[in-house]
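Before anything else, here is the set of structures, which you'll find just below.
There are two complexes below, and they share chain A, which is joined by chain B in the first and by chain C in the second.
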Partner chain A sequence: MTEPPRQITLAEWDSRFEAGTAAGWTQPDYGGPLGRHIEDGDLRLSRLLYDNSPAALNLWNFLLTEEVRLQAARAKGDKIVGAMKDLGTVPVMAYSLPGVTAFYPDGAWWTPCLMEFSSGVLHGADSLGIDESFCPVRAMLGAFAAEKHFPAPDLLICSVGATCDDFSAIAQRVNGLGHPILWWEIPHRRTPAADETSLRLPGGFTCPLDQVVFVQSELERIRSSLEAVTGHRLTEYALRRGIQAANRVRRALRRLRTMTFTARRCPLPALELLIAEMLAIHFCSDRPAALEVLTGLCDVVQQRLAEGQGYFSEDAVKVFWVNPVADLRVMNTLEQCGGRLCGTDYMFCHALDDIPENIPPMEALARTALADPMAGSAIDRAGRICRDITRYGSEAVVISRIPGASHCAIEGTVIAGVIGERLGLPVVELEVPPVCDAFMPTLNTRLGALIETAKGRRTS
Partner chain B sequence: MICAGIDAGSRTIKVVLLDKDTLAVVGTGVADQGVRQSERAMRLLDEVLVAAGLRRSDLGRIVATGYGRDSIEAAHTTITEITCHACGVRRIMPQARTVVDIGGQDSKLLRLDAQGRVHDFVMNDRCAAGTGRFLEVVAARLEIHLNDLGPLAQQSRAPAAISSMCVLFAETEIIGLLAAGIGAADIAAGVQSAIAARVAAMAGNRLAEPVAFTGGVALVPGMRAALEAALGRPVSVVDAPRLTGALGAALIGADSARSNH
Partner chain C sequence: MRLFLNAACGTPGVAGIVLATVCDQMRHAKDILDRETTTPSFLLNVPSIWQTPAALGLYLAELRRLGRFLETLGGAPPSTARLVEIMDRHDRLRANRAAPSPSGGTRGIPVALLGGPLTRDDQAIYTLVAEYGGRVMLDGTEQGDRTNPARFDRRRLKDDPLGELVSAYFGSIPDVFRRPNSELFKWLEREVAARDIRGVILARQVWCDKWHAEVHRFQAWLKVPLLDVDLDGQPCGARTRTRIQAFMESLR
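And then the complex of A and B:
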């Protein structure tokens, strides 16, 4: 029998770490007490509740040491590739080459989520004219300007086209700061006309063959640039190996999600699951370690399921969550209000689906890029969400908006409408800014009311 | 046994006392909200108890709702105002299928099922533009008492067009309208229309009739008509609309007390 799952504070984690280490816990090279990250400025950590498993500690430590890994990669002589507005395609290509570390500069939007205002990245963006009317991803601009949080990339790649306006504006400012960007276009995914060849994409969407051919040609430009920067050829064989390795991470994550979402009692809290899902995008700059972290979490969840352990009561309302939150506390709040996470669409579902392994790799990557739920219509995205809601038996839906993010402005209303029409479930829309202390009472009311409504419907 | 519902709203606290068995309302009270929310709520509760010839020891269950519900230390349980308003309306106007609640700080729209339970809901989260706070800001700008705003609006012949998106922008617009010589009555009526438009936008196609109107703003003369015009359908102000949430809380308390019994 393992220790029963329990949400603990940062201080409890540090005591637990001390006791665990004395009892012989082994730690990965990025391991250590969670509280040390507070000294780096990750102030928000002190206000969260955490899963008490060592695997969860590894997850957090892995997430919070990416900067160290990137600096180490630079010191080792690796080529650093920043893949912006790319939620899971270009990093697969980059990691197929030797001596390359890819990362996700847009991930800097998480910096204020963890560091509140102490990092100064938002103020940095303000001073460059990108204020809070823009998406919090503007933190990336502040990070580039301050030359902190990640080393200057050897190659910076960014998609444009069917991406949000805010992001493009911010990325252009990064380019203007002297960080040249290789732009590639992702077209708006459309339904094939009757006389066009239709291709099925991972995740179930379809698009015309022409669009796949076009995206593949864009990815070929990226391949050439990666080869030029690294001095290595990106062969079909290397790409196939890279895709297989990426799929191993995706499968581990899918397994973790499926086990958690379908369990009678919740085996892993929403917060840890949110962080775990983020690993699928860019592997936190270390793909093998990302796989180990996810495998460790899967083992914990499997063990808890086998022992009948879990969080909250079986009565907890199953909630599907759309879009990631900027203030992580909200995930704790959902559970405090009587809900549990049963399904998510954090805008990168295509990074959870297998990249096809039975077709030429560049075509497979092109299809995966086009499967991005954000590259098509909100109705299409809502369709996939409805499918997953049904699959996981979710009883209520939260759609969180990120203030200033243009892709969220009206999409939530469209998705809520489709869910209402097709499934008749209660939906609540929330707006969650990066530091939302003053909003917590109203967020609490909305989540609480959603849970009460869903419970009330059980007896209907 | 007596059950108490306390609605700790953003502007006022409301208390309803209910007989658990007969469900008769035996006392009500309203007081301004303050910094020490729990203290104020308990003082009001004591006043209402005394007025009803009751004591604290007569109380079985206390259920708190509203924005400040978690600060009411004496509450046995807390329930969101969404559920409480639905419960209150189910008692007062059981045929209602939509509830519009406009309070001091937010506005909500609830769709009810045939049993009067919440089917779904939306809340205004952008700005105070769809709330009673808008009326307060405008009354201050027009240098009149809040209670006089409704009667003033009813004198309007041509309501001014005012933004429903942001109270601060609207205030700037009002300064411009005053400078342009637009009358205070037309501005007051324009503000009522703006609040109603905000609620209508929030409603989208979620409306089902009959529509019940609750919350303090429902007491403002002219607001019901403004809401009817914006929604394009009849709206009924429930009895004692300020007390709907507290009534719902007391009813939930009574239900819980009966179940436990």
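And then the complex of A and C:
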């Protein structure tokens, strides 16, 4: 019997770490007590509740040491590739080459939350005229201006077209700061006409063949740039190997999600699951380590399931969550209100689906890029959400609005409407700012009402 | 976007609605139309990138698709000769159009008006500029000089009219949504200098991120002052009026 799962505070984790180390816990090279990150400025950690497994500790330490890995890669002479917005495709190409480390500068959007506004990145964005009317991803601009949250990339690659205006506008401002950007286009994914060849994409969407051909040609430009920067050819063989490696990570994550969402009792809290999903996008700058972290979490969850252990009561309401939250603390709040996570669409489902391995790799990547839920209509996206809700048996839906984000003005209404019509589930929309402490009463009330409604429907 | 949807859906006799992807909110507005109306609508994919043949090809393919959509509404595809004739007529009309008569007559401080689409209510800005002693010598809004396509090449017009149409529109109109949007800055710098512009008024819809994000850069780029006016779908109020008044006063 393993130790029962329990959510613990940062202070408890540090005591537990001390005891564990004395008892012989081994740590990966990025390991250590969680509390040390507070000294780096990650103040938000002291307000969160954590899963008590060593695998969860590895997850957090892995996430919070990415900057160190990037600096080490630069010191080692690796080429640093900054991928922006496509969330999942370009890193697969980049990591197929030797001596390349890829990351998403977009990830800076959590910096204001983690550092509770002490990082200065939002102030930096403000001073450049990008105020709070923009999405919190404006933190990325402040981070580029500050030149201290990640090393300057050797190559910056940004997808545009069917992307939110905030991101496109802010990336243009990054360009204006003197960072050259390779822009590539993802067109709005559309339904094929009757006389067009229709292709099925990972995750179930479809699009016309012409769009795949176009995106493939865009990815060829990226391939050329990667080759020019690294001095290595990105061969079909290397891409196939890269896709296979990415799929191993994706499968591990899918296994983790499926086990967690379908378990009778919740085996892993929402917060850790959110962080785990993020690893699929760019492997947190170390692909083999990302797989190890996810495998470790899978092992813990499997063991908990085998031993009948879990969190919360069995009647916790199964909640499907749409869009990532700018403040991680809200994922704890969901559970404190009587919910548990059973299904997610954090805007990058295409990074969780297998990349096809039975077609030419560049076509496979083009299909994956076009499978981005944000590249098509919100109605299509809602369709996929409905399928996942049915698969996981979710009882209620939270649509988390991102302050200022252009897509959030409309998509919530559309997604809620489709879910209501097709499944009749209760849906609430929340707006979550980077630090939501002041909004907690409202968030609690709204989440509480949703949980209550969902429970009420069980008996009606 | 809301005003557009309301107008498009509320105007009797509208057979179809065409939106473009240059604005993300417009892109998502297609979902509203698909769910809330029976009027057919079409979303034109206008690439943000513009420096590759593939982008040009995508735009051309989209125009052909738009043509097919219009046919479903009862339109008939024009013959090549007819298309050439129509393009030629419009090209001549644009060329022969007298230089835009500056609002405010021939006197007044020359200013440029820059930005995206203006609603009918927003047109009051032209009057306000004139009222406070200015004249709009450069109209860089969506319905102004900036969005005029390049002149058609006579030889290519006859050989490949659709290709020439693509080249003239997609290849020459500077806009804020383009990636990179450097051509807009070059155009502005050139035109401001050529017309002795003394100040620029950027009129933008309040939730338009693409124009909003560039305010700071325009201010740094331009050698003349810039006034940032945000519009919210309501008639220009006292705040906008006072800001324009103060701006014009400061340019004297």
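Quick note on the criterion: the second predicted complex is superposed on the first by the 460 of 460 C-alpha atoms of A that agree within 3 Å, B and C clash if a C-alpha of one lies under 4 Å from a C-alpha of the other, contacts with A are read in each partner's own complex, and residues count from 1 in each chain.
Convention: a residue touches a chain if its C-beta (ideal position, glycine included) is under 8 Å from a C-beta of that chain, and two chains touch if they have at least 3 such contacts.
As the structure is a computational prediction, the values presented were derived from the model and not from experiment.
Once the complexes are laid over each other on chain A, chain B and chain C both fit without any clash.
Which of chain B and chain C touches more residues of chain A is settled by the count: it is C.
After overlaying the two complexes on the shared chain, residue contacts for A:210 are found with chain C alone; chain B is out of touch.
Once the two complexes are laid over each other on the shared chain, residue contacts for A:446 go to chain B alone; chain C is not touched.
Chain B and chain C, viewed from the C-alpha centre of chain A in the overlaid structures, lie at an angle of 80 degrees when rounded to the nearest 10. Applying the stated contact rule after C-alpha superposition, one finds that A:420 touches chain B and leaves chain C untouched. Least inter-chain distance for chain B and chain C in the combined superposition, rounded to the nearest angstrom, is 7, based on C-alpha atoms.
Comparing the two complexes, residues 413, 417 of chain A contact chain B in one case and chain C in the other. Interface residues of chain A facing chain B in the complex, by the touch rule stated above, are 413, 417, 420, 426-431, 441-442, 444-446, 448-449, 452-453, 456-457, 460.
On the chain C side of its complex with chain A, the touching residues are 21, 23-25, 27-32, 34-35, 43, 45, 47-49, 52, 54-55, 57-58, 61, 65, 68, 177, 179-181, 206-210, 212-217, 219. The touching residues of chain B, when paired with chain A in their complex, are 67, 70, 79-83, 106, 113, 115, 117-123, 125, 204. Residues 128-130, 133-134, 158, 160-166, 168-173, 175-176, 181, 183-185, 187-188, 190, 193, 210, 214, 217-218, 221, 377-379, 406-407, 409-411, 413-414, 417 of chain A are the ones that touch chain C when the two sit in their complex.
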